[in-house]
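So, here come the structures, one by one.
Below, chain A partners chain B and then partners chain C, in two separate complexes.
This part shows the complex of A and B:
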């Protein structure tokens, strides 16, 4: 009997095996209850970055336009295609160009991989910049999100630098001269300029050492730093109370709850901080660790039912942005080939030698004044960007596009954006031989 | 729900695009070619052996990896040209067509009628002879039609934007690649490379251009790697129209026939900085010899006429052989590039001519005349011939004088744009510039005509013309070109001699003023090539021109600096706060720059 029971048990075990494997991987089944939905977000490694519930305002497509997500997905696409490209690439001045020809000639999906990587890189520079504009124009960098804005600015600079270091790798004329111009701009910095340039190039001119350094920066150093900063960036979004939203976002939709809720909020936070009494509430309402979030955005007891479950609402929205991003990149990659110019000829600069497009604004400024255009003004711009949330301490107009209360700040930022875009357009289309003004028409 | 629908639509979109990409990826033209080749080969296969050979083969990328010629080459040409070494396909259309056998290429036909190739494809690959992009698998890239590929299939494929594409087709262009290994100067299968090499010497290209192992010219770009760096079209264009690609080039447009240009272009295309026949030891020896000027003189050796004994006759012979009139004018032969030598015996001394031959820029610092490395005896003979040119021209009126002596440089409109003006530095004076002309005294202008302008190409016409003739020409110039009545010239308070003593302190003070005020136009090196110089006509004076500066009196320099030069960009520095002492310091500085070249001044006239 014991024997048969054992056998029976074993059979049952076998029978249940697929389900137990499934259950061990996915801690709960597809959810049908609110408890299940929160657990899904909560217990999944990849989903637990989400809050269990998000505010409805966060899901409004025209508020974020998904720009941050697009940036992230482009980063992921770049990582995947980049790793694949690494299987073929050799950072050597004698081999790099031949490897490009191989990618184009005989590697399966070689052209397509290169195209995806190239266009996604350009796209990411644009998306990150636009994301920054969105955050500014909606006033979302204000307290308590100041430092996340600072991280964002660093991420933007890293994105530029990643794209720039990648630009050299094909080792064609376009790459060589763009980097020659770009690093020459770095050389204009006072005192440390030349040393900085030398450190970057490992030589006085762009050559094998520079190629190797750019390669290592491009495939290891910068992605790792960016990965960490992105993680912090996301973590802080949650810790700072989710995406920004206007003060009246809750008032309008659930006016009856707001009034009484304003009283217990501080008390609630205190309770949560001191321990046990908070947890009771949390269990009852299935808010999980959310209750520990500090600050005025704490949801517990404060913002009752203007939120929806992240699973599936947020997830679906993210998936949608992901699919759109991938679709955009592959469609562009199917129709436009990444450029590959002549092999490097150090004796023959193209005229004009142009930096990558996102640095053409800089190059245009450099054509007016080497120091101010290349170093002075950009340094001041970056400094101001970093300090923006500490200059602008007003709390009005958060979470609304072009809020009336922020007319001055928005106007100033708009001028900064438009001027830079105009400079880039001039540098890209209106500059011909010897950097003389030409009409593209 | 709406979101889910949108998501579904977007996903389907991605799927469709993927389908398209996969289709593009997996259906290659070369596979079609190979399939067709195998079909045809199967019907052609007669023996069992042939059939067996075929049965083991399937469609795949074929490649030949060549390691013995320069960097590793990967030639995938045979992926499409899969029948290239299959004699059964000798009459098939491209891309199946077999490469023809050719006795000229060294292929041998055995007793059984079978040919054996001299240049085995498995050893050589394809691009070593044909150029093109061996790694490409699409015709557009593989054949080098892509404008970013420097070496399209030579002689066969030209690129869309090539200016001279009509002239650049024909398999004789491939000789440029034969010469990569067959470096023998007399190699009979590369007649055009050989001819090009001869022309390179004959037309004096070597005087300006360096090609490793052939010449050491320094005036023009080094052409040792020209074939590797430039497309055939660019090389051709640079010979036919030197300023097409470089506006500042002073290379003359030589009068060459199409065949000559072609030979030169092919020869230059064969210069790739290395050749496969060289050993590393050869290359090392070459670098050891680099500093040594070993002038090529094959033209002399090949001279059909035996050397004459009389130095003048010998000189004439040499000057004709060396194509001096490819640039200069002597009598009625005119190359249209360099000064007239018809009156050389009258206007120059033999000492000057001999010294100028040896180092033209010691006497005329901005001259474009190359230093040819001829033997001393040759130089003596050539000098003897030139100074024998003493026939005084019979010139009856100022107009004839101007036309015969001045017009070639100063132009028929007197504006300084004569036929050879572009090749002269300083540029010939513009007589229509009334501001300048009327700010100078008659004496000064007469002096320039009579005694020439030292350090420039303006000769001392006083040795050909008498005072009345000089005066006549000046009047002619004034009436026809300047056209403004002479005006009273302001007397200016300028010292005859520099009042500031020539001390090291004064020179140092002068230098610091120079660096602050003058470098924008005259350049940091004082060579007249400052950043603004290109926008200025007349060009800023080269202040390192010892012949000119040392001959110019203090008074003249003082006046030019303090009160400016009217009609030019030189401003009156007195208005910008320079005192007489400052100017004196600057003059001492300028003189110090030219001090060690004093012995040359004696040579100038």
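This part shows the complex of A and C:
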């Protein structure tokens, strides 16, 4: 009797083992109740970056256009494809270029992975810049989000520096001359310029030492710094009360509405949402654990219920942006090959020697004056960008695209954007041999 | 405990306690160590020796360069010019941003940002801030010409073969 019971217990244990294991990994099943939906964000490591509930305004596709998310997903694509490419790459001046050719001939998916890495890098520069424009034009850098804007500016600079260090690695003509010019620009910086150039190159000219240094920066130093800053960037979104939104997004429509009554079903934001989004911080509202559960007794103060559960609303929006980003990179990579120029010829710079499009504005500036175009003006621009939230302290017009109250600030920023785009267009299409002005028509 | 601390702060004259001195010394010690470690990292990544070319090198005998020669030596990044019995070694690293300038009979032109120089390396157009430097050229005892990139000379100071 006792014996059989023991056996029975053991059998039961065995029978239940798969579920025991499953349940020890996943603490709750796919939720069907609001309590469950709350718990998803709490109990899953990968989801706990999300708030339990997210403001409906945050999910409006045309407010963020998902640009922050796109940047993040491109960063992830770059990390994955980058690590894969590292399996075949050797940072040596005699081998690097051959390894690029090997990707074509003898590595499965070699060209495709390199394409993905290159196009995702271009895309990330664009996405991060557009994300910055979005944050500016919606006035989202204002108190209390000033410091997150500053981190964002640093992330933009790191993105540029990552792509800069990345394109020396194929050791082709573009690589060599772009780095020659780029580090020469660094040499123009006052006082520390020459030292900085020497530290960067590890030599007086671009060569093996420079290749190794750029490799280390590209695959270790910069990604680690970026990863940390991205983490802080996301964390602060939560701590700063989620994404910015206009004041009227929280306004009580009629004073009589004291209970949440009927919350309209979450409008599925099927295009985009933001990086990670907000716990709603309302002055009169205090969340306890019971606040997670929707019901008449949890409301404190007369506030409308303008939030929806992150699971599934935010999560699906994020998934949508993710699929779109990956699909975009894959399609572009399937149709267009990443350029690979001639192997390095120290004697003959290509004529004209052009950097990738996002540095052509800088190259155009530099063609007028090396110091002002390459160091002076960019330094001033970055300084102004960093200090923008501390100059522009008005509280009006937050969370709205091109708010009337922010006409001056938006106009100034628009001029900055347009001037840089014009410089890029001139550098791309209107400059020919010896950097002479040519007409593309 | 914290109340006590607050009480101290309220008092106008804060007594210097042993605890405060120790805390201050500890902070300074940690801060100092941090600065030293950051600095030593820079010392570490600054190479003490480089593997580049020597600044002083031989370029062959004067007979290798007949009168009228304007030739660029790519590896050494220097142009050798001979007009009659006069010779000169002019840098072909653009003074703007370090591209290699092209050598033609009429002068030098940079493909990167459009700087232009005349036959003697003086700037005639573009963003280059300085003329191309001239390097010292000398005849070694074995009859070979030597260029010393470590020694810049005044432009126009030709070496007579």
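Criterion: the second predicted complex is superposed on the first by the 388 of 441 C-alpha atoms of A that agree within 3 Å, B and C clash if a C-alpha of one lies under 4 Å from a C-alpha of the other, contacts with A are read in each partner's own complex, and residues count from 1 in each chain.
By definition in this document, a contact is a pair of C-beta atoms (placed from the backbone, for glycine too) under 8 Å apart; a residue touches a chain by one contact, two chains touch by 3 or more.
What you see is a predicted model, and the numbers here were worked out from it, not measured in a lab.
When both complexes are superposed on chain A, chain B and chain C occupy overlapping space and clash.
Set side by side, chain B and chain C differ in how many residues of chain A they touch, and the one touching more is C.
After overlaying the two complexes on the shared chain, residue contacts for A:14 are found with neither chain B nor chain C.
When the shared chain is aligned, chain B and chain C each come close enough to touch A:348. Of the two partner chains, chain B is the only one that A:330 touches; chain C does not reach it. Of the two partner chains placed by the overlay, neither chain B nor chain C lies in contact with A:25. When the shared chain is aligned, no partner comes close enough to touch A:191: not chain B, not chain C.
In the superposition on chain A, A:172 makes contact with chain B only, not with chain C. When the shared chain is aligned, chain B comes close enough to touch A:98, but chain C does not. Overlay on chain A, chain B versus chain C, candidates 476-484, 530-538, 548-556 or 584-592: the clashing stretch is 530-538.
When both complexes are aligned on chain A by C-alpha atoms, chain A residues 347-348 touch chain B in the first and chain C in the second. Contacts from chain A toward chain C in the complex involve residues 177, 180-181, 183-185, 187, 198-199, 202-205, 207-209, 213, 346-353, 363, 366-371, 373-374, 433-436. Note for the complex: chain C touches chain A at residues 42, 45-47, 50-52, 72, 74-75, 77, 96-100, 102, 109-114, 116, 126-127, 129. The touching residues of chain B, counted against chain A in their complex, run 3-4, 6-7, 10-11, 13-14, 17-18, 20-21, 24-25, 61, 71, 74, 76, 133, 135-138, 141-142, 148-150, 229. Residues 94, 98, 101-102, 104-106, 108-109, 112, 172-173, 316-317, 319-320, 323-324, 326-327, 330-331, 334, 340-343, 345, 347-348 of chain A are the ones that touch chain B when the two sit in their complex.
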